[in-house]
Amino acid sequence: MELTHINEEGRARMVDVSTKEETLREAVAFSRVYMKRETLERIREGTIKKGDVLSVAQVAGIMGAKNTSHIIPMCHPIFISGCDLIFKMNFEMCCIDITATVKNTGQTGVEMEAMTAVSVAALTVYDMCKAVDREMIISDVMLLRKRGGKSGVFERKG
Amino acid sequence: MELTHINEEGRARMVDVSTKEETLREAVAFSRVYMKRETLERIREGTIKKGDVLSVAQVAGIMGAKNTSHIIPMCHPIFISGCDLIFKMNFEMCCIDITATVKNTGQTGVEMEAMTAVSVAALTVYDMCKAVDREMIISDVMLLRKRGGKSGVFERKG
Amino acid sequence: MELTHINEEGRARMVDVSTKEETLREAVAFSRVYMKRETLERIREGTIKKGDVLSVAQVAGIMGAKNTSHIIPMCHPIFISGCDLIFKMNFEMCCIDITATVKNTGQTGVEMEAMTAVSVAALTVYDMCKAVDREMIISDVMLLRKRGGKSGVFERKG
Amino acid sequence: MELTHINEEGRARMVDVSTKEETLREAVAFSRVYMKRETLERIREGTIKKGDVLSVAQVAGIMGAKNTSHIIPMCHPIFISGCDLIFKMNFEMCCIDITATVKNTGQTGVEMEAMTAVSVAALTVYDMCKAVDREMIISDVMLLRKRGGKSGVFERKG
Amino acid sequence: MELTHINEEGRARMVDVSTKEETLREAVAFSRVYMKRETLERIREGTIKKGDVLSVAQVAGIMGAKNTSHIIPMCHPIFISGCDLIFKMNFEMCCIDITATVKNTGQTGVEMEAMTAVSVAALTVYDMCKAVDREMIISDVMLLRKRGGKSGVFERKG
Amino acid sequence: MELTHINEEGRARMVDVSTKEETLREAVAFSRVYMKRETLERIREGTIKKGDVLSVAQVAGIMGAKNTSHIIPMCHPIFISGCDLIFKMNFEMCCIDITATVKNTGQTGVEMEAMTAVSVAALTVYDMCKAVDREMIISDVMLLRKRGGKSGVFERKG
């Protein structure tokens, strides 16, 4: 009989976490959106035609965090117990810095939820402003900190 | 009578495109994921525990493109007529470069679909590899090209 | 350096519930759909072209309860352990009264799940019948009762 | 042979609109949220803990409009070409009035999209404020106007 | 410079249909659920605890058809202009036969929408009845007919 | 007063599981896709135009498992702690056999998640190959095994 077994050797799986213990977990992620100085000023003045950029981006980021397991294929579904985004407009470097903090109690962490939150918030900034600035760049999407779980505390250096 | 009218002055709206003409549109976006050399090698060798990183990231990016209007609040729903992602592993710079091309025929363009595709693909690379490399950085998410629609061709310089 | 800190002062967040205790919770919500007497009769007789109105509305309400955290931006994702909707046709007042009971065990309550269930069920009644009655009104969407959690029992008067 | 044919006689279907012509369509819907005077004042002052109520409700309403065909079972999927919500705070009657205008070009109308937008926006107001006011009531959810399509203009009286 | 180009040679893409013409399309798919005679009788009598099996399965099938492009990764998003499911209870063979007809006007067909509709309807039958019959089998999921598009009419033999 | 009470007697509900205990649960489901020998060979050779069939099907199956409670109306939302799919190409019988194992710790089991995973994976195989083989049949979708929960171990015979 001709049989070709597939998997074992490299195809995707959602790894089993059923024996991991439930702990309080927190992750903080970061993203940055570079733009023209004029775009940044219009965001501050609230004169972007599609509306108040940062309040829409904030809602988008939080909803993105909740959608993470539907967006990222091998991500476990998770209960988020809290999500907060902070935006800083930096006129010197002409960028907006976005930080997301996500918390949960569970068997897997919330790194991806925080990473997704800052990415979706940054994409929303792009969408709201693209009519006036197509050359914006989303950059430095990274994990700043996490704690909880077997691997313990992670703190990004420098 | 005490009435406070809200909107007009800055809240979000999904702008009306009903008088725009239907044209063939195309957008190409880019993202880059920096990682340790060892991580890149494990991706190439197919020894990441969660599975074949790039084939999962590719599916994720395409599904992300289709989900764009649910992820980005002020984005119009749209029919995507084609979506293709290309991954390049760059061992010199220790990064993976992701390019997404999205096409449609419609009243609005597909820039956000392409931007979302490369972001979701990059986040998926992060998710698949984060157990071995938490310090990966997603960077240079940007629009490379678009054509179609009133604003015509956009080509990023440099 | 020019920096503008945003948040703290009024932007949206999903409040942190990670220190709240898990308790058994229940919420009961209500909605009412006013319609023409003839419409109500056609629902009872099962002669609405789109199908059996109340059985579709019931499925819609239950699925709406499960979708609540994707529909309501600052709502926590939650595990619903039970959901039941009851419909009463009131021929005297020419309306359908909808009651939804939702249960869960968790750190946050299910008020929004119950409120969303009765709203979605009412909207579905509207959708199924709008070809024969565009003037239907959805009204009295409110929380009747809740129990469980720190704030304890709430019972609506009157 | 024992066969029981089901359907024809009353089960749900998504009615065939494939022979209807594509026209420009518009629908305007309304909802009202009654609340305590104190709640209304806190919304105006921006002192609700979960954030700026109306800007979150506006984003929720627009995303709700885009989600309509996933929320309402027999609703056709549709391209929305524009969506705008307006909120009026009425201190005399202690309520917030919500109006949503939705446009599209297609074979079916956007009544349900407008009705869903005002319902989801109202539910979001409830969610944002329920910690200080559980007795809010959502009321008068109705279609104000529609035009386009075979049935032409509908204008609600009084 | 060390570069490894990936794609071209076998990774997934959503094929470009932007040059295909819009035509009226229709697809009919089939599925069958085998079960114990007693289960079939309880469905007919309406004594399954979770509710009226076939009316829930019908709503599920229609919503499944609308969700197809979110469930099947390489499937194009599509406007369904009509969807109808028919259930036949066959007491001789102890099974329920499900047929779904889906229509649209577009650049790609609706085979996958019809196939998804009958699969989701069959899974719903399983879910509603599994407490009394875990050994049900879903079988014969296939395309019966399609028309429209470049490949023209397909009619399954036998 | 004319009142017609509806429910109790047969409409759908999501049954209350709030008093069931949390246990570790596992379910294994199966599906089979019959196809032409040539189609099977093209899958093995990787010459299907839409891409690598089995790796896309695997991602689809896992995402389908996570989406189960949104696809199946009366299904409880659930945390999946692991999901793995295995594909076997059978050249003798000209079919692909799909097995999905899903785990969770919760108040309800994961039978539907496993059944949905194998169904969605099979539908994805169909979608990827339908351009070369419209006559494929999905068959034998069934539960092989489950354990955990009040009803204990279930093992399908023969």
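Annotations for the structure displayed:
Just so it is clear, A, B, C, D, E and F label the chains in written order, and each chain counts residues from 1 on its own.
As a convention for this text, contacts are C-beta pairs under 8 Å (C-beta built on N, C-alpha and C of every residue); 3 or more make two chains touch, one makes a residue touch a chain.
None of the values given here were measured: they were computed from a predicted structure.
Chain B and chain D touch with mostly distinct residues; of the residue numbers seen at this interface, under half occur in both copies.
Between chain B and chain F the centroid-to-centroid distance comes to 29 Å (mean Cα coordinates, whole Å). Taking the mean of the C-alpha atoms as each chain's centre, chain C and chain D sit 14 Å apart.
With centres defined as mean CA coordinates, chain F is found 34 Å away from chain D. Among all residues of chain C, those that touch two or more other chains are 11-15, 51-52, 55-56, 58-60, 63, 67, 70, 73-74, 78-79.
Here, these are the chain pairs in contact: A-B, A-C, A-D, A-F, B-D, B-E, B-F, C-D, C-E, C-F, D-E, E-F.
Contact residues on chain F toward chain E in their complex (touch as defined above): 9-15, 31, 46, 49-52, 55-56, 59-60, 63-64, 67, 70-75, 111-112, 115-116, 119-120, 122-124, 126-128, 130, 134-143, 146, 154, 156. Against chain B, in their complex, chain D makes its touches with residues 24, 44, 54-55, 58-59, 62-63, 65-67, 78-92, 103-105. Remark: chain E residues 1-7, 11-18, 69-70, 73-74, 76-79, 106-107 touch chain B in the complex.
The touching residues of chain B, when paired with chain F in their complex, are 51-52, 55-56, 58-60, 63.
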